[in-house]
Every structure is written in C-alpha cells, then in structure tokens.
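For clarity, chains are labelled A, B, C and D in written order, and residue numbers in each chain start from 1.
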Amino acid sequence: MKTIKLAIIGGGSSYTPELMEGLIRRHHELPVSEICLVDIEDGRHKLDIIAGLTERMIAKAGLDIKVNATVDRREAIRGADFVLTQFRVGGLAARARDERIPLKYRALGQETTGAGGFAKAMRTIPVILEICRDIEELAPNALLINFTNPAGMVTEAVSKYTNVKVMGLCNVPINMHYSIARMLGVKPEEAYLEFAGLNHMVWVHRVTVGQEDKTGQVLDMLGNGASLNMNNIAEEPWDPELLKAIGVIPCPYHRYFYMQQAMLEEELEAAESGGTRAEQVMKTEEELFKLYASPELNEKPKQLEKRGGAYYSEVSLQLIDAIWNDRKSVQVVNTRNNGAIRNLPDDAVVEINAVIDANGAHAVSFGTMPPQLASLLQSVKAYESLAVEAAVEGDYTKAIAALALNPMVPDMAVAKQLLDDIIEQNAAYLPQFKRG
Amino acid sequence: MKTIKLAIIGGGSSYTPELMEGLIRRHHELPVSEICLVDIEDGRHKLDIIAGLTERMIAKAGLDIKVNATVDRREAIRGADFVLTQFRVGGLAARARDERIPLKYRALGQETTGAGGFAKAMRTIPVILEICRDIEELAPNALLINFTNPAGMVTEAVSKYTNVKVMGLCNVPINMHYSIARMLGVKPEEAYLEFAGLNHMVWVHRVTVGQEDKTGQVLDMLGNGASLNMNNIAEEPWDPELLKAIGVIPCPYHRYFYMQQAMLEEELEAAESGGTRAEQVMKTEEELFKLYASPELNEKPKQLEKRGGAYYSEVSLQLIDAIWNDRKSVQVVNTRNNGAIRNLPDDAVVEINAVIDANGAHAVSFGTMPPQLASLLQSVKAYESLAVEAAVEGDYTKAIAALALNPMVPDMAVAKQLLDDIIEQNAAYLPQFKRG
Amino acid sequence: MKTIKLAIIGGGSSYTPELMEGLIRRHHELPVSEICLVDIEDGRHKLDIIAGLTERMIAKAGLDIKVNATVDRREAIRGADFVLTQFRVGGLAARARDERIPLKYRALGQETTGAGGFAKAMRTIPVILEICRDIEELAPNALLINFTNPAGMVTEAVSKYTNVKVMGLCNVPINMHYSIARMLGVKPEEAYLEFAGLNHMVWVHRVTVGQEDKTGQVLDMLGNGASLNMNNIAEEPWDPELLKAIGVIPCPYHRYFYMQQAMLEEELEAAESGGTRAEQVMKTEEELFKLYASPELNEKPKQLEKRGGAYYSEVSLQLIDAIWNDRKSVQVVNTRNNGAIRNLPDDAVVEINAVIDANGAHAVSFGTMPPQLASLLQSVKAYESLAVEAAVEGDYTKAIAALALNPMVPDMAVAKQLLDDIIEQNAAYLPQFKRG
Amino acid sequence: MKTIKLAIIGGGSSYTPELMEGLIRRHHELPVSEICLVDIEDGRHKLDIIAGLTERMIAKAGLDIKVNATVDRREAIRGADFVLTQFRVGGLAARARDERIPLKYRALGQETTGAGGFAKAMRTIPVILEICRDIEELAPNALLINFTNPAGMVTEAVSKYTNVKVMGLCNVPINMHYSIARMLGVKPEEAYLEFAGLNHMVWVHRVTVGQEDKTGQVLDMLGNGASLNMNNIAEEPWDPELLKAIGVIPCPYHRYFYMQQAMLEEELEAAESGGTRAEQVMKTEEELFKLYASPELNEKPKQLEKRGGAYYSEVSLQLIDAIWNDRKSVQVVNTRNNGAIRNLPDDAVVEINAVIDANGAHAVSFGTMPPQLASLLQSVKAYESLAVEAAVEGDYTKAIAALALNPMVPDMAVAKQLLDDIIEQNAAYLPQFKRG
C-alpha cells in the first residue's frame, strides 16, 4: 500500500502537537509513514523539543511513523506527498514590530489584513517561492498546504509564480461553521454555509439547514450578542444596523474593516498596557515549550487551546484526507478564483467553498457580489495582488501604491511613511527592496 | 419518516418503465410513497398501459407505493416533492415535422440543437411555464427535474421566468463518463471528468484518474475510432486533426456542429430512405407499447434499450437521491451559470459539474474558455436565450433574429423562411405568434 | 433664425454675472433671446440684485435679450433650449454644517467628495429629480447642464432616473488644461489631455503636444512644486514618490484621497481658526452682493475671481456652443460611461473627454485602468452609485452601506454615526429618510 | 515649413491616380513634397506607368512634388511621415484563386470576410509585419494607413505585433454616409452616423440630423428598395422583416452574412458565366493601364470609377489632413477597441467612429451591443483574431480552428479541406505553414 510522506516547514511551531494528535487519530485513513519537521538553524532548539514530544506521542499510540527533525529543507521535501508550510519569517519578534509600527501612524497593525500583514507578506513571499522551487524540482506532484499568513497573499504568490499545486488554509471558516451550527442547535454536517470572500475577510452569504434558509436568524442572533467566538480577536459586539447594511454574515476579522476605529483604539490601548498580540503570544509560547520539553508529556497539553488555533488540525487533516482518498467533498480553501466570484479576476486567490479531490480544489461558483460587498472585496484583492507583485519584484513604488489600497491604511502619504519604516526595521529580511 | 411524492408529467412515455425499475431498486434510500403519472387526454391509452405495467412491477417487488394515473395535472402536483417533466408537445408526429421542415432549406432538422429543436422549444416553453405556475401555487418547495428537450432552453425558461427550483437533466454526460471510463479500463468512480458547455453541446475539458491527466489519451483513442457510443446519433468518425483543433473532448452531438455538412447529407439520405429519426422511433414505440400492455409483463423489457435513453433512470435517480439525502455530491446538470463559465452571463443555463444538495445545484467554477470554444458556446447560448425570449413573448421578429444565430441555420433570410414554415405547420401549438 | 431660451435654476448665485459676461461676449454664435433666472422665495432678494446687474450688463452691450427673474420654475423651464442648474439646497448654512459634522468623527467634511458631499447629495437629488419631471413635461428636448455639486452624483441621478438629456460640468478640467499648457509654454489648443475619472477625482492620463508625450515632464514639474492652482483647494505640495506611485497626473481634489490625513489636519485647524471653507465663502458672498447691488455697476467685478469658479463661464458656454452649433468638438464632461472606462458599468456617470454635438456627449473610449487607479475609481463610483440609490429611495440601511464605501469615511460604524448626525441636522431637507 | 513625405506601398495599383488627384486638390492643407511609389520587381511595368501619369498630373497642376518610383522599400520608408499600404500579395491571380477554391465546398469565396479573405490574410500578414519592422527602424513616428484587405485583420496584426502607429481604412463607411445623407435630402455634414462593428461588417446604429433620430426612416427606405449603392457588391434587396430583425442599418457587405445562401448562389452562377469578381476586375485593370500609359493623359480618367473604390481618395486624405493638422475631427477608422464596444476585448481592432488628432485615433465609446448583433460580432472577431495568430505563428491547427469560426464556412470538417486546398494552391506565399 502507498504510504504518505509529510514535510512540515516550520515544524518547530507550537501548533505542531495539535497536528500530530490529529494525524494519530486519523491514521486508519491517512497512512503516514514519515514526517519531516523542518526549521531553520535558529529554531533548532524548539524543533528538537517538538520532535521529542511527537515521538513520545507516536510511541504512546503504538504507530510506526518515522519522525525526522531537520534543517535540510531539500531532503525533507524530496519525494514528499504533502508539504505543509507554517513558518514565520523573523519569528514573533518580527510580528511584534509589524504590530507596533503602524500604530505610530494611527493605522491598524493587524498581522494579516493590516499594515502588519503587509510587512509579513514582504518577508514571507520570497521565502515561499524558494521553497516552491525546491518542490518543483524534488516533489513535483506534492500538494502544498499553506497556513503561513497572510495566507491569501502567500497562496496567490505561489499560484501565480510557480507550478506547485497549492491550497491555502485557515481555521476561521471551520470555527464559523461550528459556531453557527451550535447557535442553530444542529450538527455541523446538517448546516450548509456558502462561504465566499478572501482570507480573514470571508463572508457567509447563506446558511441553510436542509431546504430552510437560516441566514436571517443567524444575523439576528449575532446582532443580539451571539458570538462566533475565536479567542484571538477582540469581541467588539455587532450593531444590528451594521449587520443589516452588510446584509450577510461577516467573519470575526471583518471587525478590522467595519469597526476599524474602535479596533484601532483597542490596539492602541493594548499596546500601552498588556502589549500587542505578538507580545502576549510570546509569553504563552514560552510556557508551552516548557511543557512540551517535559519527558513525561506524551500528548497534546490542554494549554495549547489558549494559543488560538482551534480546529487547525481538524481543517488540515480533513483536507489531506479528501485529497489522498479522492473524496470530492466540499471544504473551504484559498484557491484560484476561476470565475467563481465574477467581480474578481480568474487568477485571484479567494477563500471559498470548493470540491476537493485528488487533483486539488475546484471552487464552487458564487456569481456576482452586490456592490456594497464587491467594493470592499475588490479593494482588498487589488491591494493583495499589487502587494504580491511588489514583494516578488522588490518594487518600492509598487509597494507604496499597494499599501495605499489597503483600507486600514489612511492614505498614500501615510503608506509611504509606513513602507519606509517597515523597510528600515526589517532590513535583514527585505533584501529585494533596493532603492535607487 | 417523511416519504416522497413524485409527479411525472408525460407519464405515458415509453421511458417510464425504466424509471420505475430504478425507483424500485433504490427504494431503501428513496422512500417513495406515491407516484402520479400525468398525461393529456389524447395520451390516456398509453398512460393506462404504463400505469398497469408500473403497478405490476411494484407488486412483484412487494412494495407499498400508490400509483395514480391522471389527466388532472394540478392534483398530481399538489404537495409533490419532485416533479419530473418528460412530455412532448405534439407527440412524435410534431417531431417528425420538426425534422422534415429544415431539410427543405438544406438545414439540419436536429430535434434539440437544430432548427427542429427551435420548433420544439416554441411549442414546449409556454406549456412548461403553465406547469410552473401550478408548482409555484401547489408545491412551492418541489424540485422540478426537467428532461423535456431542448433541455437547456426549457430549463433556462423556467429559471428566468418562474420561481420554481429547477435542474435540467440529460443522459449524454453519464454516457460519456461510462464510455470514457471503459476506454481507460477504470471504474466510473475512479475517473473525474470536467464537463462544461451547453446541453447537447457539452465538452469534457479534462479527464483525470487520481492525479493523472488522461485527456490526451482519450483524444487519441477517439481519433483512432473509439466510440462514445450513444445509439441514437449517427457515428460519423472523428478526424484526429479536428480533435486537435477542438482541443478538448466533444460530445456525440457536437458532430452536428463540427461536421454539419456530413450530418446534413446523412439526414437528407435517411429522410429519403428509412425516414427521419422520429419516423423510426414511432415504429419502436408501437412495438414497445404492445409489449407493455401484456398482463404477464411485470418488469422492464430488454427491448426498451433500443430506444436510446441509456442510463436515463440512473442519472435522474442519482440526482433525486443527492437532493433528498443532502449528499453534496458532484453531478452534471443544467443549471444557472452563476459565473462558472466566465464567457457567459450569470443567468444563462449551462450544463456543468455541480455540487448537489438539499437546496439544489451549485455549479463548480470552470473559468474562461479559450476563443475557439468560447465563440461557438456564446453563439449557441445567444441563440438559445433569444429563442426563449421569443417563445415567451411570441415575438416574430425576435424569433427570426434568434434562429439566425443558430449555427445550423444557413443565414437570416433562410431563418425567416424556416420560421414561416414552422409557424404554419404548428398552427395549433404556437398561439403566441400572432403576426400583425 | 432660431434663438435660444435659457433657464438658470439657482439664478441668484453670485457666479451668475460671470456667465452673463460670457454670454454677451459670445452673442454672435449663441443667439440668446431670453434668460430666465429662477430661485426660491427665500433667495428673492439676491435674485433681484443679480437680475438688475444682468440687465445693466446687457444694456451696456446694446443687446436685445429678455431677462426674467422668477420663482416660478415651471414657467422658466417651459420651452427652454437649455436648463442650467447651479442651485444649493439649504444654502451656505447647510454647507457649513456639512463641513462641520464629519470633523467630529475625524472624517473630512469635504463638500463634494467627502461626507459633506454625501449630505449635500441627499438634499439635492430629490430636488433635481423634481426639476427633471418639469423638464420632461415642459421642455422635453432641452439639454440640462448641471453644475450643482456633487456634480457626478447629481448627474448620475438624472441619467439613471429620468429621460432628460444631461451633462455635468466642472471647471477642474479646464483649469488643469490651462495650467498644464502654461507649464509647458504652449497654447491650450496645442495640448491634448486625456482626462478620465470621476468628478473631482479625475486624472490626466496623458498629455501630448502634437506627437510628443509630455506626461513625464508635467509629473516632474508637479513634483518640483508647480501648481495646478485652483484657489479654493489648500495647496499641499505633491511628493514626487507619490506621483510615481500614482503614475498619472492627479487633479487638485485628489489631495483629499492621497493626502487625506494632512488635509484633515488642515481642515480641523481651519475650523478652529478662520472657519470652514463655507464660513469663509459666506463673507466673500456678502461683499460681492454689496457690489452687485450698486446701480453704477454694469460689468462683472474683478472681486468675483476670488470666489473660486475660474473659467466656469468659459466651460459652460463652450459646451452650449458645441451643442447649439453641432460642432463635434472634444470637451470634458460628466456623462454616461458607455464602456469608455472598462472598469466601470455602462450606466455609471464619469468625467471624461467626449465628442459634443447636437445630440449630446459621446465619451471617447479610454480602455482599462491599471489596478492602482481602478481600485480607487471603483470604490468611489460604488459609493456614489449606492448613495444615489439611497437618496432616491430614502433607504437608511443603504445610506449606511454607501457612506461606508467612501474612502474619506473611516469605517461603517462611523458611517452610521455620521448618517444619524446628518439626518438630525438636515431634518427639513431629508424627508425621504423615515426610519421605521 | 515642415513638408510631408509619403510612401505608398503597392504604388503600382490602378487606384493610385485617384489618390494623386486628391493630393493635388488638397495641396494647400497637405504640403506634400515627396511621394515614393513602391512596388515589387514583378510590378515594375505598372509602377512606371503610374509614376509617369502621376508626374504629368503634378506638372499640369504646377506643383513642386518629387515623385520617386522604386522597388527599394526601405529607402521609400526612411523618414516618411505617412506610409500607405495598398498592396496585394499574389496579385489578382491569387484573388481569383481565393474566390474559386471555396465555391468547390459551397462556401463563399468573398475576398475580404469570406474564406477568400482568410487566404488573403494568410498571404498578407507576414508581409505587412516585415514592412512594419522597416517602419519601426526607419520611420518610427510615421503613421501607417492601411487599405490592404482584409483591412480589419491586417490592421489588427500590425496593432498587436508591432509598435507602428496604424489605422485601417475602408471606403464603405463614407459611401454609406453619403448615400444616407442623399436619401434624407441633407448634406453629409448635417447627418451624424453612429458606426460600430468590424471592417466590411459595420452597422450604423443611429442616424441623426441635428437632434432628430432618422434611423427608422432610413430603415424604411432601405426596406423599400433604396440602395447604399456600392457598385462592387451584388445588390440583393433587403427584406423589411430582416431589417426589423437586425434592428440597425447593415452595410452592403452584410449581405454575405444575412443572405449568405442567395449570395452563394449568385457567386456560383457568376463563376460559371462571367467569371468571379477578380476575373472581371482583371479586364477592367487591363483597360485602365492602357489609358494610363497614354502620354497625353494628365488627369484621372473617368473610367476609374467603374473599378469600385469610390471616395477612396476622399477618405484617406481627410484622415491624413486630420492627423497632419491635428484637427480632432470624427472619422470612421479601424483602430484598437479600447473598451469602445464592451462586447469585445480592448485589443481587438474595430471599425468605429473615432476622434483623429496628431496622435492617431481615439475610438468614441459605443457601449454594449444587443445580443443579436453581439453574437455575430463576437464570432467574426474571434475568427479574425485567431486567424491573425495562425498567420503569424504558421499554426496549422489554429488555422483550422479559426476558419471554422467564420460564419461563411459551413463547419470545421469543411474548414480543414479548405485550408488544405488554400495551402496547396498558395504554396509560394505561405511558407509559414510547415506541417509536421
């Protein structure tokens, strides 16, 4: 029987044990024989801790899976069936800077959709493209499953500039799905949610249970304080009149767009008091690694749940299962638009319901978004696509133009100041921007 | 447990026993409790024969299903869960005229995509819209599954002019799927075929088995004489250089477009010798009904297979199963484009892979067709959409303009002659065309 | 010989004398026989002053033109050849409120493209539609030339909701044309400027003199401090790197988009010290009307130039001349897009080069804008079109959604607060917004 | 003062004296100082006759224009202000073959829009691209005015594959303009005709005289037998019901589309009796050159009018005048679509009203064509664009696919036969088609 080789780039991540737990649980449908945990030299210590815990977990389960912790990326990729990317260029220290810089200019430092996410994209895209060159050479049939944020932009870079088969994943849709099912008192598989949008900016356009349309009911509940609780986003409540103006179900991250000012005030305050989100995460991480290092620990510790990646393992393993076993099931992924949302170009990467089979993702067509959604969608996608170009080409002027299109950036003059600051504080990671 | 009421409009069709056989076989997943076979007064005799045979088949299977043969359409529709339409306005006699008229003008009489199909659409669309008014009133949640040809145009008329949930079905895709799987030596479920186009003008753009692309191999086999055998279409062989110019896998009916002249010569010759297709079918029908009437017969007779509707029951029951049991499986249906094929409007009905669930069909996005396919696609869809408008509005001028867009009609001057002839010979069925 | 009847709605405006001076100068090509100055009862005093001055100017020129100052709008419109609209619902007092309200929320009060312009549009659109009902009835062949701001939105309302032939006019393009010609040391008619965008958000995409492309040279000069001086916009200088990122020549009002923060700081400061723009204009107006009232004055006084409407008469009379004399000349107007800018719908009103003849405006096709321009363009047009709908329908929810799309409004939550404040402070003028 | 150098490729054409007569008449606004008549070695005899007549005409007018008859194309092009192309690869003999081959397959041999035009395009496009390489090098600012048929396709090839500024010209629009003005009893400059379509397939969508719409009246007159008489097209009369179905005014060549069968019968008959059009023209040409050669002749002879190029000189010199004198006037040319017709891509070449200035043509936007026109338009443009690609790439498969899209070609199987025949009979001229 054919077995699976898995390469995990950024294997030293604190999230890895959750993925391992899932792999062990699903071993009967996903016959994994080899797991390569890859990280960079600087992350060797964490990588070894994770590898140790992983081996103890596998031993406890009595499975025969080879675990290989390495800094040799090419060896890990060679012959892999799936490559998972969950690395973070510059680590949490870089993320902390990403979150702090924009606040100087009264702009949101949000690490995925905001100016912080822009900085992260500039650092990450050159690296993912290098990884893809290795995949093209050493594992041309492998499927790349990307978790690295900003997942939409990183996936679009791979999709546009390489021949690698790729899907971007996020745990926001599955969390919305489970929360909404819970709100409606039905099992998740009984509810059908029509997702369409961009990563961290995805709407649910319709919720049905059997033949019944429950969208209005869900909007009412949200307006009455029900929560799509994801514990890493501040839960500014939704005003029912805003929900009416939006017309469909926003995702938690939509607060950064629709309630930008309130979120900005919160971030400014948090930065003053408890520190930015990255600074808080650093503390959690330290505690987690202390736990992971304990030779007695041979399972995923409860404390990992505080970290924020709920159902991260669920969503990625469902996907691998659908591909490996050619299930033709519907899941939410970041993939090529291909006409599914008429308001966007075919080659834009979108977050959308898709049929998953052995060949990858086939987006389910959505049609045309109404103007109040389309306008935000097109702006953010225009920002993303131009930013991807700027990252690949190292084009300073294009980077200003891109950043100015981000709705969380006040204007183009501020965009330029932000960019200069980002380039200066990320000198080591942005060699592509050489100004003349 | 909820059970299913089925209304079959055109229940006196010779195809019905095949559907019944399928229903009996799938009874565990499709709990049908009532079947209403509806026909018009003129078809009463055939209807009674079919109803008798159906009851004998059910009795033999030992099932508890009420069979109701009626000319009261409204009673049949009231409270139905599914309405199936397989009627033929004017019967085979009208079809025979449809096939004969165009031949006078050296135009193909093809009864679905040709000028014959145009005549049929003009007769059928006003009737299906009346049926839909009944469904809107008496069974607003019912799903209409339309087999009546030209299925793409009839389904588009329902989709654009009524609130009825509808899908159009055809057995061409399933036949292609089974034939291609057989050619490749795999089981049907192992092959994934990317269908996108229009009814009786659908291409398979890609065939994959697991991760392997087999499209080129299938084209080679077709060029070497392999057949997607559907026994109601003359099997003019495909020239490999034409297949190269098409670039994807054509359906058997594509011969009427790509080899129009040869098909025309064949039809002219057939009309001279054995009679048109309708004239041949009339004989088969007569024999079938003789068999059906025999009180000893309590199963579908083998001879039905000659009639041409291979897998007709398979495809419709798979669909009903996916809807009733909310399976979210991928099937090929005629449904609203919704952006799936970028070259066509959102509200055009297309034949395409779709996810089927309790709410109906969600087309899988295809993207943009290359110019050599797009041009034919757009012409034929423009013809269809304008013809639907002409049928609904009874607009003589629009009907000329529509018919002139059909690639099987030589030019607009001929279109006018054809239309005048069709209106004259269908006077009883085309009251909407009142010329000033 | 056919002569011209002109109806000027808002005839009591301080700008009218400039228009009169132009009419007198061009009398040989524009045979005006009757001018109706229309205003509302509240504006009677100013109207009479303007009428008096107009009559003295005509007398001085020795012309035979009937001047009719009236509050009977229907009489003025009856049989008119041209209707000019330059009225201001609520007067300068309302404008002052428009400019003050947004500043509370750190949003620009800009009276055309900002939240101030939104308030103005809500007041103005119902009135212009009433005027158009009169035109449809009493002067169906008249051409409506609209100067009332926000000119793009007001013109779009007329174009979408009435049968009146309309063009929107603005003096920004002619000022840019003259300034750029001066910068290049050529006569205006020697330079060809490719204008395409929206009112108060129009770019010059190319400047040519004969066959030579001068766009780069103009951008360099602008980056070095050259001014497209329009004295009613604060002249924040252009950073050359921003100009590079924009890639084409922005109009002076683009500062409100590209340098939003700096403009906001200036407005906040001005509101504290000298008052908002409206408050400054009130003083200028008072002085002007004192001058106008003097029985000795029989020409346009020099002081009018301070008011800001440079070349306002030039641009409107060039247009009337082109229409009346069927000149087929190219001018910049606000008119139906009709495909000229592919990134926008056909029925959007755009500001663009157009061929002007007896039948109106025919936009010169532009093609596809690059993403960094298209994104802003589409956002602002989506805002405008949705706001027009909200104004016509009195739809509170749509008004929130519209305002949230305006790039000068921080987010949707702020949009709601702004809207509530606008409705409260404009109670007398916004009867259409009845909240349930 | 700057004077004009003119290079005429195909200078030995029998049309040249008409152009010369026009140039002489317009000498005050078009200061031509040098005319280079270029032809190939095989055409030397005719070229010398034309050059002689030209010199006698100039002498008679007492002008100082240098005439240079040469086979050195590069010398002629060097420093030219305008390059006019009116050459014919393979001469009338090739045209005769173009017209004969398709008739074998019951397809129209029409030398521009039919299969004959396809063959001509295949021969011509490689040559025009060579000429353009010379222009890019030796006269980069020159404007290429192309008359060589099929003018739409040849112009599109230049527009897509070279940097040469180009416009395609045809005398159909000016003939329609003059005929329609005559039918309406007005002067040409009093009527405005909205042209939009493709070369030899252009419709007039609206005719206005001042503010009055005369389209319906013109359609009525056409339906009653009025003629847009161009004496090289058989005048099959228009059925009023066809005109109603078309909805706008067709050009004379539209007969090849809308009355294809009747035109085909006529061509078949003509080929049997008097010979194809090319064969008739050969006789006319022979007579003309006899006349031209006479040393007494120093003016354009009346007999030239029979040749069919009425107003050919008018339309080209109006254009050169508008460019040279930067007139910004509206004329009908073949130029880049640029969004003007929304149903076609930006880079498609269309025949449309355009503003002409020193920089070339700026199409006047048209908007969206209704489906019955759009479908034909898109099919023919898809044919043209794919055929241009096939000609440039020498791609046999693409050539089949292209030809199959031409509405005058019965189907793809016939397209292949036609192509094989065309390649065989044009071996000397189609080196690019090397089959593997």
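By definition in this document, a residue touches a chain if its C-beta (ideal position, glycine included) is under 8 Å from a C-beta of that chain, and two chains touch if they have at least 3 such contacts.
Chain labels with UniProt names: A, B, C, D = Putative 6-phospho-beta-glucosidase.
These figures come from a predicted structure and were not determined experimentally.
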Exercise for the section: Have a look at A-C versus C-D and report the one with more C-beta pairs in contact. Expected result: A-C
Problem - Greatest separation from chain A - chain, by CA centre - result: D
Fill in the blank from the handout: Separation of the C-alpha centres, chain A versus chain C, in whole Å, is 46
Fill in the blank from the handout: Touching at least 2 other chains, the residues of chain B are none
Problem - Interchain pairs in contact, sorted by label - result: A-B, A-C, B-D, C-D
Exercise for the section: Write out the stretch or stretches of chain C touching chain A in their complex. Expected result: 106, 239, 241-242, 244-247, 257-262, 371-372, 374-376, 378-379, 382-383, 385-386, 397-398, 400-402, 404-405, 410-414, 416
Exercise for the section: Sort out for me which residues of chain D touch chain C in the complex. Expected result: 141, 192, 208, 210-211, 326, 328-330, 336-342, 346, 353, 355, 357-359, 362-368
